[in-house]
Every structure is written in structure tokens, then in C-alpha cells.
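Two complexes come next, and they have one chain in common, subunit A, joined by subunit B in the first and subunit C in the second.
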Partner chain A sequence: MAPAPSLPIHPPNGPVNGDASKQPPQGRSSQKSMTKAERRELQEKQRAAKAAAKAGGPVNGAPSKQAAKPTPQATAAATPKRPTKSNEAPAPTASALRTQTAARARAASVSVPTPANARGLRIFSHFGLPKPVSVAKGDIHPTILRLALQFSEFKITDYATPPNNTLSRHLMTYLSPQISHLVAARPMSVTMGNAIRQLKLEISGSDIDLPEQDAKDALCQKIDNYIRDRIIIADQVIEETAGNKIKDGDVILTYARSSVVQKVLLGAHAEGRQFSVIVVDSRPMLEGKRLLSVLASAGIQCTYILLPALGAIITEVTLVLVGAHSIHSNGAVYSRAGTALVAMMAKLHSVPVVVCCETYKYSETVQLDSFTKNELAPQGDLFSSFPSVKARDSLTLENDEHLEILNPLYDLTPPNCITAVVTEVGVIPPNSIGSIPVALGRLL
Partner chain B sequence: MSADLHGSQRAVETLVSKLRRRQVVGSREAALETVLVLRQVVSKARFSNIDQLISLIRSVGKRLVEAQPKEHSVGNTVRKLLHHIREEYNTAMTGNASSSKTVYSISNFVLQGQPRKQNVAPKSEATLTLKENDPDDPDSFARVLKPVLMEAIQDVLDELETVYDNISKNAKDHIHSDEIILTIGHSKTVETFLKVAAHHRSFTVIVAETGPSYNGHEMARALSSAGISSFLVPDSSIYAIMSRVNKVIIGAHAILANGGMFAITGSLLAANAARVHSTPVVVCAGQFKLTPLWNLYHDFGALDFADPSSVLGFEEGNLVDKVDVLNPYYDYVGPELVDVFITNDGDHPPSSVYRLIKETYDDDDHEL
Partner chain C sequence: MASEASSSKGEFDIYQTYRKILDDEEMSPPLAAILSLSQLMVESNAGTMFELVKELHDGAEELKRHTTNPISLNAGCELFIAFVTLFPHESDSFAELKTELVKQGQKYAKEAISYRNKIAELMLDFIKDDSVILTHSYSRVVMRALLHAHKTKRISVYVTEARPRGLGVKTHEVLTAVGIPCTVVLDSAVAYVMDKVDFVLVGSEAVVESGGLINAVGSNQMAIIAKAAHKPFYALAESYKFHRLFPLSQYDLPTHNPSILSFPSLPPRPFVTPPTTSGVSPPIAKSGIDESLNVTPTSSSERSMSAEMTAKNPDVDYTRPDLISLVFSDVGILTPEAISQYLVAMFAG
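Moving on, here comes the complex of A and B:
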């Protein structure tokens, strides 16, 4: 259960109000913020005008509805709160509904970091403000992609080439502000980057001589194909491949909630294999509970533990199945915080660790640790993630002068803890992950 | 006479029921209460030779240990008291401070090679005239020996009361400036250690909150109110931050004879992550936690389990039947994962824990 704040915005579809991605250092940020703010002003006006026109405009089926919903709300709340250097004072989530000016005024008055700013507190200052909307790992990415693509798609269908301009060039510039708006809502993830790059490639490759409507249709078709091939069908292939790794009598351990792993387990169970599942869960997201209820209702024998209890149970486990947010060319897996601990313990007890991951999550970059790129969990209804038997006053929920609460959402599992990665192009050992583009037959 | 005996019996019964109902929280509390009860027992006891006294204390100890077998400090305190009593008795009888048996065993061999003796100086300098089993005056033995014994018990009590201060004595030598220290849950020993060090050094502490007890919140609050800059993180990020941590300092519930320990759940994860990153693991624990026990096979029987509703509460109604829930309270951390034990009696590597146990307890008492 995502600790979603009380916003009338639908979490899966929501690049809602934004927080800036990685924190620029103090001096530069003030400069950047001026120009960015001005640019955003302009975008807001354009978008507001567009939204007004669209409300009565042509309805293009489901995509337009979905895109239309976030758009007016996005307009209202689109200003990312200008973070000053401090991440010690996360802006409350309800501010999503305030107007631009109010948000900006408030951001300006956010307290400067405490004077006793020890080196330690500064180490994590690049994490940035927590985002207001919680997103689960495997569950959201396809949806955000769909949103991103549909958002652009809507723009594509609604778009009309100005005279004397070729479609490909102008559409690209037209799309850039939309993309940066998305990026402002949530730091650019690998999957978003891949999808957007692919789209740009398609656009620039479109034939100049085609009539405009045909070109737009072709692009929309390409987008649909991307979604179908890289996401939906990929999931099915992975489900089958990984499902074949599950034998009768297995005790499978999984961490938090990955939609791919959920499909694999349900698929294997539907084929009649007898196995039991241990679901390991942890704050801040406690997503494992949702997976647990899905598996338990399907009739799979499940055990539920929190992460610290892992040491007691790892000796019983025969296979560890986890999902990923992204995989890197050195074989490292970037996924929900806690996965690295699970993989480490499994390796110590010689349990194979299998990562289920579609190829659109592949990134050519090499990531070395969990610090350089990470996000903080949103401040939501935090009480819901604590057991109800625990007295509320004993729980620390507020930052104060010497105390800060950090909830990093992701961590990096080094390649030596991983046995294999299952993708739709095959089962790959971690040191060969760099060959995925070759396997796909084209450059990502 | 019988009223006296009754009084001490009642004290024993009270403690037994408190232990069974887990109303005594914390190993130091349990040890303190045990010493107080035993002091009452010894002061009211009637015995005409040493064996009677020892078997009396052992029977009381057995009852206490059976009330709460996972609370090892109770048994340890009983064993320590027995050791002191035997020492005092031997000193009184023979005038030298060595143990009475001359059995050839490797334990004697080891003890002979000791450069330092951990024992306190014997109370009785002169040989007392002790007559055991005197038919005319059955109480003479007890009467003469009791004051000496009471002093020995007082020593044990003093040691327990000053355990935090002694452990923190050299705190500033273990921590340097601008270090980042990771700790788990809430250990009062570690808390005192860090607070004392903070008087001399400035450093940062990251506290892992460790579900489902979430004791880390208490610790973070206590540390930050003492002016130490602290971070509170969920256990899931332990591996993620470990590359930036300089030292892991945790507390123990019990130290086992092979140098391993029982510690709050989550410690095993932190210790393993620290090993992977070559970060030193420091354990702060009082000597009363030394237990002559082994845990070779890590059975569930060695761990203690807590209430599963804090993991999966009853508000998840329809899940509760279909799902098994585990909530172990302690982890077993092997000796290869710990770098040093800081105790009130000095710092020891895990490989010399067996020697400490030899010095502190007598072989006969391993099984009460």
C-alpha cells in the first residue's frame, strides 16, 4: 500500500508536482532557478491555453483522457518547488495544489540548513527533496512509460506542423519542453530515458515526404509497437523463461514487490508446480504486503518476514527471485533498497539469485554505488508503515536539529552477488550484460 | 528462622514469575535483580559446609534459568557468584588464591599460563578458623563465612552498576573526528559509549531502525538530544550506506563461548555488509553477558521469537490465516564477523572469549 498523500491525483499516472532532480550546488541553483522558472512560466501559459482548448477539443480515446487529467492538474501544480540546498525541510505534499506563486514564495522562505551542519549531514544532501507521490518499482515503470509516450503521442496527434517546417525537426523541439516537464516531476530514470531516446530516433527517421497525417500515424504505430514488444511481450517471455527455473519443492524468496516476479510466480503456480514463497519486506514502502495478498489469494503457500529476520530463514531458501529498476553494463542491478542485502545473504549461503528484468531497463552507464543516483521516499502517511501495536509517540517522524530521517528508495547490488539475469532475449550472466544491445540487434 | 527462609523463598518466587512473564526488560536489569535475590538467599541461608551453600545457590539458579532460558544474564550472574563464593571459601580455608582441584586438565594448563588474574583480591587475608560440620555449633561455619560472602556479592553488584561507565572509559580512543558510525536498534551500552565519546570528538551516527521493534527511533532520539548529529534510516538501506560508514558499533544480548553472540535482529545483516565492505565491527557489552554456551548449528531453538502481529497485524484480516509469519527477536552473529568486544574489563578479540569464560566461571557451573 503506497503511502500516497491525500492528493486527488491518481498515483500511477502521476508525474504531479515536481521536485527537481539532483540538487545543483547552492550557488548555481539560484542562477538556474531564475531562468528555469521563467521558462516554466512560459510553458505553463502555453499548457494552460492548450488545456483550455483541449477541454472542448477532439477526444482521442483513452490516451487523451488520461493525458488530459494530469495536464490541468499539472498546470496548476507544475512548479517544482525550488529546492534551496536544504533537504532538511521537505516541502509538505499538500502544496501540490497551491498556485505557482505561493509555492515559490514558500520555497524561498524554506529554512537554511541548520548551523551545525556537520559533514555527515552534507553527504546526503544531493538526494534531493522527497517526491510527493510514491511509486512502486516494477509496477509503475511501464505505466509511466505509457504515460510519457501517450503524453507525447497525444501531442503528436494533436500537433500540426507549422508551415515551412518539416515534421521531424519541429516535432522534436515541440516535445522537448514536455520531456523536461516530465523530468522535473521525477528524476530521469533509465527506462524513461530509453523510451524517449527511441521516440526521438523514430521521429528523426520519419520520411520527410510523407503527408503529415500519415507521418503522425506511423509514429503512433511505432510507439504502440514499442510498448507491445518491449514491455508486454517481454514480460510474457520472461515469465516463461524464469518459470522454467522453478522446480517442485522449491522455496523461493522474493523481496518487496516486482510486477515481473509476481507474474512469474503466478504463472508457475498456474502450471501446477508445487513451491512455497517467502516474501521479505521492509520499510519505507512495505510493498511486499501487496504481493503477499495477491499470492495468497492465488493459493500459493507464503511466509512473510521483515528484512532483519532474513538471517534466520535464508538457510531454507532454494532460489531468490527479484526484480530491477535498471541494469547496468557492468552487471550491477539498481533496484529497491534492501535487494542488495538479500542478494548478499543469499550469496553467503550459496543460494542462486535470479533477477527478472526487461531489456528496456538496460543502461549503458556504469554505476558504482547507491549514492550517486538515488531518490528519497515520499513523506506520506508514515504511521501506516509501522505496526499498529507500536505506540505512536515512540516513533520518530520529525527532523530536528541534530536528527534527520532518510529513506533512500534504491540501492545497487554488485554483480558478484547475482547469478543470472532473465531478460526477453535470454538468460544472461551478470558480466555479459553489456551484450544486450547486440542481442537486441540494434542500438538502444 | 523459618520466616527468614520463607522471606528469601518468596523473593525467589517473585523473580521467577517476573522472568517468566518477561516483566524484567534488559539483560542488565535481569542480572541486577538476580544478584539482589541471591544476596537475600545467601544472607538468610543456613549451612554448615560449603557444599550445602553451593547446592542451595545452584538450585535457586536453576529455577531462575528455567523461568527464562533465553535471558542468559541470569544464569551468568549465578555462575559468577558461585565462582566468587568458591574463591572466598578457598582463600579462607587454605590461604592461597588458587582453585582447589589438581585435576590435570587443559583448563588448568590454560589458567596456569595466565599473565594476569582477573579475580579480585581475596577478602580474608588471614586464614579464618573454619570448622565445617561442627556438631556443637552448626552455625559457626556460616557465621564466619557470611560477611566475607556478602562483600563478594557486593563486588558483583558494584561491577554491574558501573558497567556503562567502565565500558565508555576509552570511548574517545575508538572513535576519531568526522567518522560516520552505524548502529542498530537501541543498546544503552552503545548509547553511553557514544555520548561519552561525543564529549571529545565530533562524529555522525546513522541509526538503523530495525523492524519490527523499531528501537532505532529511541536511539536516534536519545543521541540527537545529546547533540550528536544522527540519521535515522530503515534497515533496507544498510547495504546502500555501508560504503560510507567507517565503523559499525552494536550491542549484544549475550556473548557465546566461541566468540559469537546473540544480538538484536538486523545485526547479522549489518555485520555481513560490514564484512563485505571491510568495515570494522565493534561490539560493546558488559562482562555479565559472557555465557558458557555454544550455538554451532543455529537452531531456531536458540533464538527468541516475538509477537508476529507487529510484522503482519490483525488489520490484514484475510491474510492472517493463509500466511506464516516469523518474528525472531535475536540474530546469531558468528565470531568471524566481529572484530572486537569492548567490555567493562577491557577490549578482547572474539578469539580470546574462551579464556575470559574460563577465568570468570567454574567448570562445574556450566550446567546449573
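Moving on, here comes the complex of A and C:
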């Protein structure tokens, strides 16, 4: 079970040690004379100071933990609804995105002026940048609060009701703070962005003469349609199309757990195709265990290995099937960390790599590396609900004075390692992903 | 040209029609398919669009059953059926619509014959004077391009034998007759000759969704060697050969079946105790194998594969898009990535 969140008290005037960080480092001559490391340290301290002053960050004596335990703040007290501590491994559905729990505890603790701590995960601090979930300003709808907390706890499995069931006429303006509250809990992902953009488009396109209830009903209908068409039906089409690529005797390799890939494999098995599956898994999420149990109980022959063992079995594999968090217009696939390794290894051994991805995950942006945008996994072994012999806590690494844990959640697979992307509008080669909007335009 | 050939039952026999159309040298399988399907529409009694499309599908299936390599045929059929389905239904009566569709089909086929000239024209700028070109097997569109270039430039051509059908020799005859210096190259000597060549030019059975090429077996080999030697690899393909297929590998082609490149099942060898020392293994096994195979030793210095052996080999292979430099087609000069965009635009919606 996840550790119970603690509720730190916030002094209203900023932390006591905030001042310390504002002191310039000794002997500060011109910027140039400082070494790069020193400059970075200074930047880090300044950033910390700014954030500390803004947030009135929590004063906990804990040493700087960039990837920290989830500690929902005052909002937890505000909402009567507490997120249930179900330890289901989150599935990558529309809003199923791991939250940036580092968003919680961070803040001023970094500014505790021991240079070692401040140095920490400096290079990854841009996606470790914690934003404390502020006290709910104004009327943040309780559903949103709950959703935000669920985000932060990595426990989304179902898409929650979107924030439009309100009596306000100015729906759009009402929406913005809701959305920013969500984004504060968790960095905006491609799928969230696409869905929100579509929603805003629908709202702006709605007839002003319609009575309010009708307009709301129409919007609700549009949202339901979006979920149905772009997610549920899309999954069915992908299941069928990708299933056709599976032949008798195939050895299919998949990585971690993608709900789409799970559907494809179960569907193909139900049609009577004979194949076996190798599930490759990796810590800390160990999501593959869940996929393994689902496939095995369906009667599919499965093998389970951890990522380092990939090299030993890759020669047996005939097809690699993976899911994606998002796909980009340059053909790169942003998926669970480790997918890139699997794809590159497969390419080297001439094994085709097929990515199953719905079109709502398509982003017009170009992504060139895993570095500029990423999220960190929460600390602790929150996800495995399987019985284990040792005490769970003894298995988790913790940050200490000389050790920082870095667990990025996603990585980028370059387009040349991918053979095909299966979407609901067709099977597309990675370099032509840019034609998805054209294909979609025909359908919409 | 599209004469009616009916079976003894008096029904429209689409396969006979197809074969008759193919008697014309210039006709390629996809075009013949389109014309046969148009003819089928003329003969059909369908009253609604749904019935008509169903009949077209059945006709296409019938044609496919008769050939071992239905890929390019498929491309033509799918193109025509998509065209029929997407055709705007302006006319009031269904009969009128049908006649219109048939007319369109025949018009398309006639126009499509001229596509080869268009492609030859596009290719012309890429052929410099004194070029040495390597080509594979026999392809009508490549022939057209080479003959067109010959009018204004000096070219010399290497052509591979393209076993087992040996169509490379046909290319050699045609080119020599026109006065183009041509030499036939062994399939196994492609790597040997590659450094002498300026670029590689091949035709196609089909160009697929991934941007890859399906062509006579040996094309993939040639593309890999061309890439290693940094020579451009050009494919010529008319637009009716573009296909929505997406092979993930050679073995994902519709023409691939388990018997291709399969090992013979031999009688089990008598068990021999392995030598305790690192000595020579006993030569018992050899004689056992020799007796079970039907190897008739030939007295001549050259041996060739038996028909049985040849049957285990593929007819066509798949060339990956990253090995292809450009695809020349009547819709323009396309990169392999653009093929998918073209196909999506054509067939989506």
C-alpha cells in the first residue's frame, strides 16, 4: 500500500530558510569567472528561492527529494473526497497519465543550503520542477479537485466527468482555471491537450441561441461522441487491423503494459490464432505483471522477462507490438521508458516493430529526444499489488545525501526503428505520420 | 479489345475476358483487371449500388483465384472498386450510373496506357549522357523509359538474368535490336558490377503503403547492394500499381506461404554414438541422405535447379522504403514517404 500522505503545515510568510537561498554565493565576481557548475548552482538557488517565496513551501526537515512521496496539501482538507487507495496499475487511457508527484514536496527543501543537495538532479530539474498544488482558488469544481488528486496519486483508470456540468454561462472562462488546476497537478500531456482543444472547439461552435440545458446536453453528447469515436471505436479498429498482422506460430514481444496491445492480443487469441507472447517488464512500475496475468488467464502462452534479458531472447521474436503515450509529426513515438531500447534492439535483428496508437494521441509537434519533456515516476513501489516475500519498503531505494533517484517515465523511440504505426485510419509508415490530419479530415 | 468470352453456361466469365485482354502486349494485369471488371458491370443485372459492389468483389476474388501472384491484380481491382464506391451518384437511374461507371472505367484504362510515356518523360532528366544503368528482369515501363532516353542520349545498360524465368534475356534482345549496348549480368554478379553503374532502375509489380516496392525476386538484393555502394535506386510505377498493402517483412507478403524456402523432411538419421575423443565423426550419415533425394547427377559441367527446387523459391520480393531513392510515377516523382500520403488521400474516406 502507498504510504499515507502527510499534511505539512504552511507558514504563511514563506519558509524560514528562504532567506538563506537569497544570499549570493561567496566571492561572486562576474558570471563568467564562475565555472559552469557554480553558475548552475546559482541558477538553481535562485529558482528555488522564487518558487519558495511563491509557494510558501512546506517546511519539512526532509532532505531534498526531487521525486518525493505524494503529499497532497491544503486541498486535501478542502475536499471531503479522498482518493481511494486502489493499487491498480494505471492503464494509459485518455487521461490516465502519471502525475508529477514531485510536484508536491519539493519547493523550499531544495533551498536548504547544502550544495550537494541543491545540485541533485539539476539536469533533469526541468521536468522534476515541482509545482505544489495550490489552495483551490475560487470555484474549482470538486470533480476537478478529485481528478487532480487522482492524477497525483497515479490512480486514474477511468476518464472522469469533464468539467462542464456547471450552471455558469461563461463556460470557457470557467474552464480555464479548472484546466490550469489540472495542469498544476500534472504536466499537460498530448492527449489531454487534444481532448481539451476539441472541447473548446465544440464550446465555441455551439449555438448561442440554444437554451442552456440543451447546449449543455449537446456538449455532453459531443464529449461522449469523442470518447466513443476516438477512443473506444478506435481501439476496436486497431484491434482488428493489428490482429490481422498476427500469424500462426508468431512469437510476439510486448513491453510493459499497453491497453491497446492487450486488446489486440486477446482479440487475436479469441479468433483462434496460435501465437505466444513474451512480456518484457522493467522497474519501478512493473506494469507487465498485470498484462501477464490477463494474458495467461486467457490461455495465451506467455514468457516474462525483465528488460536486461532482452538480448538473450530477441532472436526468437517475430513481431514486436507496443503501445504509445503519444506520436509526433516527425514519426517519433513517445512511450513508456524502455520502449526505445526494445525498438532499437528489434531493428538490429530485423524484427518488425508495430506501434498501436489511436489518433487522439497524435501531436503536431516534433520531438527529437526524451530529454526536453518527460515526467518522473513517483518513489516507492506503489504499483505492485502482488505478494512479495520481503517487506516492500526494503526493496525501494531512497534518496539520501549522496544518492538521487531518477526514474523518467517516458522515452522517445526514433522513427527509423519503427516499421509501422497502426491507427484507426490505417497502417501508416512512421515517416508519413504527418498525413494523419489529412486522413482524419476526411472522416470528420 | 474487350471481347466477351462466355463459358459453356452462357454466363460472363471474367477470367476468360481477363486473359483475352492480356493478350495485348501493352496491357498489364491491373489494367486488364479494371477492364474486365468494367465488362462485368456491363453484363451485370445489379439493381442497387450495394449489389453491384458485391458483384465486383466477387469478380475480383474470381480473378485472384486463378493467379499465383495476385498482388498487382489486387491493386487494380481495389482501385476500381474504390472508384466505383466513391463516384458521385448524380444520375437518377441506376442504369445511367452504371453506364457512366463503365465509360469511366474504359476511359481510365485507355488513359493509363499513356502513363508509361509520362513516366519515361519524367525519367529523362535523371539520365545523363553516357549513363550506365543497371536494371532487373523485364519491365515494360523501364523499356519505355530507356527507349525514350536513347533517342536523345547515349546510354548503356546492364540487365540481370532474373532467374528462374530468365526475362533479363528478353530485355537484352529488345535493347540490342534498338542499338543500345546491353550486357546480361548474372544475378550473383550484381555486387561485382555495382561500382561500374551510375544508377539502378527497376519496374514494379506494386508499390505499397509503407513506400516499399514489390517486384521480381532479386530487386531487394539489388537495392541493398545499391545502398551499400551509394548508388541511387529508382523505381518506376504507374499509379494504378499503388496498393494499400503493408508488408512488415518478406514473410508478410500475400505471396509467401510455408512451402517457400522450406526444408525437405528427411528420414531420420540412424543414431550414431558420438566419438569420445575429438576424432572425426563417422561418415555414416552422408550415404543415407544421398539415397533419399532425387538427385540425378548431370554429366554436363553446368547444373541447374530442378522444377521442384525452383518451386520452393519466391517469385517476388519486398524492398524496404529506406532503400529506395525515388519512385517515378504518372502522378509525379515521389519519395517513399509520399506514397503513403498519396494512398491515404486516395483511399481514405
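We take it that the second predicted complex is superposed on the first by the 265 of 444 C-alpha atoms of A that agree within 3 Å, B and C clash if a C-alpha of one lies under 4 Å from a C-alpha of the other, contacts with A are read in each partner's own complex, and residues count from 1 in each chain.
Rule of thumb we're sticking to: a contact is a pair of C-beta atoms (placed from the backbone, for glycine too) under 8 Å apart; a residue touches a chain by one contact, two chains touch by 3 or more.
It should be emphasised that the depicted structure is a prediction, and the values quoted were computed from it without experimental measurement.
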Which of subunit B and subunit C A:Ser435 touches, first, second, both or neither: second
Touch count on subunit A, higher of subunit B and subunit C: B
Which superposed partner A:Gly311 touches (first subunit B, second subunit C, both, neither): first
First, second, both or neither for A:Thr419, with subunit B first and subunit C second: second
Which superposed partner A:Met344 touches (first subunit B, second subunit C, both, neither): first
Partner chain in contact with A:Arg273 - subunit B first, subunit C second, else both or neither: neither
Which of subunit B and subunit C A:Lys200 touches, first, second, both or neither: neither
Partner chain in contact with A:Asn374 - subunit B first, subunit C second, else both or neither: first
For the subunit A and subunit C complex, residues of the former touching the latter: 245, 247, 319, 350, 352, 354, 416, 419-420, 425-429, 431-432, 434-435, 438-439, 442-443
Touching residues (chain side subunit C, partner subunit A) in the complex: 209-211, 244, 246, 248-249, 252, 321-322, 336-341, 344-345, 348-349
Residues of subunit A touching subunit B in the complex: 116, 118-121, 123-124, 282-284, 289, 292-293, 296, 302-313, 315, 336-338, 340-341, 344-345, 348, 369-371, 374, 386-390, 394-396, 400-408, 410-412
Residue ranges of subunit B touching subunit A (in the complex, touch as defined): 178, 180, 202-204, 209-212, 214, 217-218, 220-221, 223-225, 227-241, 243-244, 265-266, 268-269, 272-273, 276, 298, 300, 303, 307, 309-313, 315-316, 318-319, 322-328, 331-332
